[in-house]
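Here it is: the structure, laid out below.
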Amino acid sequence: MSATRYAYLGPEGTFTEVALRTLPEAATRELVPMVSVPAALDAVRNGTAAAALVPIENSVEGGITTTLDQLTSGEPLMIYREVLLSITFALLVRPGTELSDIKTVTAHPAAQPQVRNWMAAHLPQAVWESAASNGDGARLVQEGRYDAAFAGEFAAERYGLEPLVTEIHDAENAQTRFVLVGRPARPSAPTGADKTSVVIWLGDDHPGALLELLQEFAVRGVNLMLIQSRPTGAGIGNYCFAVDAEGHISDRRVGEALMGLKRICPNVRFLGSYPRAGVAPEDVRPLRAGTSDAEFTEASDWLARNQDGRA
Amino acid sequence: MSATRYAYLGPEGTFTEVALRTLPEAATRELVPMVSVPAALDAVRNGTAAAALVPIENSVEGGITTTLDQLTSGEPLMIYREVLLSITFALLVRPGTELSDIKTVTAHPAAQPQVRNWMAAHLPQAVWESAASNGDGARLVQEGRYDAAFAGEFAAERYGLEPLVTEIHDAENAQTRFVLVGRPARPSAPTGADKTSVVIWLGDDHPGALLELLQEFAVRGVNLMLIQSRPTGAGIGNYCFAVDAEGHISDRRVGEALMGLKRICPNVRFLGSYPRAGVAPEDVRPLRAGTSDAEFTEASDWLARNQDGRA
Amino acid sequence: MSATRYAYLGPEGTFTEVALRTLPEAATRELVPMVSVPAALDAVRNGTAAAALVPIENSVEGGITTTLDQLTSGEPLMIYREVLLSITFALLVRPGTELSDIKTVTAHPAAQPQVRNWMAAHLPQAVWESAASNGDGARLVQEGRYDAAFAGEFAAERYGLEPLVTEIHDAENAQTRFVLVGRPARPSAPTGADKTSVVIWLGDDHPGALLELLQEFAVRGVNLMLIQSRPTGAGIGNYCFAVDAEGHISDRRVGEALMGLKRICPNVRFLGSYPRAGVAPEDVRPLRAGTSDAEFTEASDWLARNQDGRA
Amino acid sequence: MSATRYAYLGPEGTFTEVALRTLPEAATRELVPMVSVPAALDAVRNGTAAAALVPIENSVEGGITTTLDQLTSGEPLMIYREVLLSITFALLVRPGTELSDIKTVTAHPAAQPQVRNWMAAHLPQAVWESAASNGDGARLVQEGRYDAAFAGEFAAERYGLEPLVTEIHDAENAQTRFVLVGRPARPSAPTGADKTSVVIWLGDDHPGALLELLQEFAVRGVNLMLIQSRPTGAGIGNYCFAVDAEGHISDRRVGEALMGLKRICPNVRFLGSYPRAGVAPEDVRPLRAGTSDAEFTEASDWLARNQDGRA
């Protein structure tokens, strides 16, 4: 294992690399592009990388199911950081190419829903073919296989291309969320603006199990930010739930909610507590009355006094 | 203070005395009748009695509000035992009296709803007047002030009366529940068939506060046996709730529920955990999955491991 | 039956009579005092009175159990109006009596908790004996049986007594709530500030039944004002619940909640929808979003369109 | 528009075509393969097809997000039928090819997770490249572009290939669910074993909104079968929920739950009520007490009687 290597979903020149370089420690790490999310996470699991940055959620397409499924099954991994990146595309071409010259366009399939409307308006005749990644698409344009590629503007230089059009994005506020994943260890220290991720398997098919799951959070005043169902592999209709909750596992309310889930569900996998990207502690929604650590401690003391006859 | 004196709601010859004598330790205590529930409880508060037995619930009339209000306010007291007593009345008369001789009848007002139908059928002309207690009613018959008294059959001998009719009770299964109350100390040891009593004040007038209160119990699988609203004295519509729950304060699920209440409610008063009268541990409803002490401990360990990065 | 006669809990000169006289229509009715709440309600049931005014809730003592139990069982009755009355006592004496002359005091037992502290401070030596009603207590003072009676100041003249002290009340804001009860008919018209009373029996002993009951109200945004448990007569631990909810049975949210209760509970008794005493429509808590009649109608229309394929 | 044409996700020879042919009416329709889910659904929207069969859920990969997003946005469509198909792959090759000859393999990307383990065990050296569909992959093998394709065994004959290995599936019980989608009209008639699909948008970011959504179903005893979050396009963390519930929109409990959602949520889109594939009415989970149509009707009658004073 190498503590100095960080894997990421490659190739070079994709949004993932840009996201990774926003982390201060990236400057002192060897950044290694991998061909797929499973490959990047396997590098962590087998110790050839200390951590891996992979996309996990996209404001246009939703959860990145490959990443979710990799975190949900196999040898446990943990999330230590998240990065939010605004996604806008450039149309990259070989120098000299004009819009009217473009007959074929390529990019990773995930880019398609984000540029579909723009293409219909500006390149109605162009044929779309999918590439393995946006970086790979740019390379194929360089090689002359396609006339243009949608990719991040930063990829132009690397492949000797020119950004013919920039700031292309069908949806306003298109963002992708990336997570830095490592082997399980002590969670990131709490910052006051944290998030906790878990995967929860419900028990035998009893209606209302999801409601009970949510109540374990609600009764302790823990707000949910995201809940996603993923198939368990046991056949149609069998799902587990990936949940992001506000707060840190070291917060008493979060800990008690997680213990409640652990008791009533056949399986719970803790995926990490880590700082929320782009949210300062002062921007966090105020806690519901009665759910601060101080109030938990006060209630514990009260209980102990009553149990001991010292109330 | 005298550890050897037990006060009870007197006078001698009432159901309360009979209930008290069902407790094994009563044989070695000095049993002192008091004129009222407040007087009996004040004897405990000021140390002239070690404990007091008072009625708290009646299957015909419901909660004994005087007792509830005494436990709810003033210097804290705690319940250590409960006693269930089947209530049937005898019609006590001076020797020689026959049914047709009876023009006036007396008893404590609480007896009236339990004998009303019987009186309408068998003594339609008799006039009812209330006595301060059933024992007192019997005494007044002895003195010739009334022709008959409803009281426990056991009271006949003490007052030189005869039970003209026995087993009188309008409602089947008429029972009264009594509690043995002392100053706050370590609760009774858990037996596996226990009950926990608390009084809970809800906060400012927000709809749904009662629902939240119940959810603190429900989410931990703690079953409620009884909930009674009592006025707080702050005006019409202001109530606190006296709650009896299954389980003991030393059970993890009960402790966590109580801490939850303590955190979200402005005030919670613990009234004691004590053995359920007439219920053996094997008769207790099975716990909901995930709420045993072993499962709480297992979940705590799991949480600690995740917090420490040893999962 | 006489549409012109209103029964009330007598005798004359009690707070109930004062409460009844606050109703405009009382001026044109024959007001008939009855010896007890059951007697007053039976007069309605058997048609000798069109309606009866009886106390139902007291800010010091809580629910008036006799009234609740009468409404809960027997031939159905319905509430059409409520009256709130502030309760303060006067100490009534025969002319010439001074505080230091008073050795014996009387009143209805319900008065005792409201004057107990005052008595301890000002008449520490006086002996209390209970009277059948406050009016009756005043009469007994007139007859010389007791030295003083606690009663409403208005009772002085009727019994030839003098109010030696007025405005006696241990609790601030001491109030009693009275209800005008009649045989079942169309409920009072909605005013925008209404209350609905029901009695609800839970089914077989299943934990969580009370929670489900409350959720039927909560999910439709119907706020509860009061919930009181009353024994069903089927033995210790068997209770039904008397509930006061905000809103009128003709409000869609209230109607849907009542239907929900009717479906899941073995028995529900509707006790009436009637104007809230002392609350104007503009003082009513705003409805939760999505619970107005207009929103119910809109949702019904939407459902019908979808069922018909016209969405 | 043509009532006789059914579109489906092509090309010919895919599982979708097989699923479509399980519908009896397919025998009398012109079946038209389309290049994508959006193309198939657009054919319905613009009237060139009466209906389209598209995959919506896969026991290995989860919800088919393209289909969900197409149903969630754009001009409304409705589901009228569902088809469940067990998915097992055959390895198709040109006649004479043996396992040891295979250097390149192709199929639609969705096939990959279902054959990954098998490939690792039996074709560890082969290189995978994605095809636009499984049928297209088979065609490319026929043309000599790849050595083998994973596809349904039924595709072999069409492309002149041979199934070298059959019954390949990493996960037991691998199934895909397809839905037959048409323009909005009256829903399919209830059969006693039905399913209702809706998409629900939650309001402004208030914690607990998802819990409230689930309670609208739970309080009416409507069981949920599937809940999937999909991004709304308004940025990271903004999701709507696609929900499948047991029952038919014409069932009173389902209708009342839908109206409840309509009232509290800013938007609800009804996607149809239709027969559950592979479930007979006698296999449906029994209704919770109090939620049958008969009980709804009885409760409505009871409410009306109370509103009219005829209880």
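We just call them A, B, C and D in the order they show up, numbering each chain from 1.
In this text, a residue touches a chain if its C-beta (ideal position, glycine included) is under 8 Å from a C-beta of that chain, and two chains touch if they have at least 3 such contacts.
Chain by chain, the UniProt names read as follows: A, B, C, D = Prephenate dehydratase.
Bear in mind the structure is a predicted one, so any value in this text is a computation, not a measurement.
In a homomeric contact, the two copies may use the same or different surfaces; for chain A (Prephenate dehydratase) and chain D (Prephenate dehydratase), over half of the interface residue numbers are shared, pointing to the same surface. For the pair chain A (Prephenate dehydratase) and chain D (Prephenate dehydratase), the distance between mean C-alpha positions equals 26 Å. Note on chain placement: the centre of chain B (Prephenate dehydratase) and the centre of chain D (Prephenate dehydratase) lie 59 Å apart, centres being C-alpha means. With each centre defined as the average position of its C-alpha atoms, the distance from chain C (Prephenate dehydratase) to chain D (Prephenate dehydratase) rounds to 57 Å.
The multi-chain contact residues of chain D (Prephenate dehydratase), meaning those touching 2 or more other chains, are 215. Under the stated contact rule, the graph of chain-to-chain touches is a ring, a single cycle where every chain has exactly two partners. Only residues 76, 184-187, 212, 215-216, 219-220, 249-250, 255-256, 258-260, 262-264, 268, 270, 289-291, 295-296, 298-300, 302-303, 306-309, 311 of chain A (Prephenate dehydratase) touch chain B (Prephenate dehydratase) when the two sit together in their complex. Considering their complex, residues 57-63, 65, 69, 84, 113, 130, 171-173, 175, 177, 207-208, 210-211, 214-215, 218, 223-231, 233-239, 285 of chain B (Prephenate dehydratase) touch chain C (Prephenate dehydratase).
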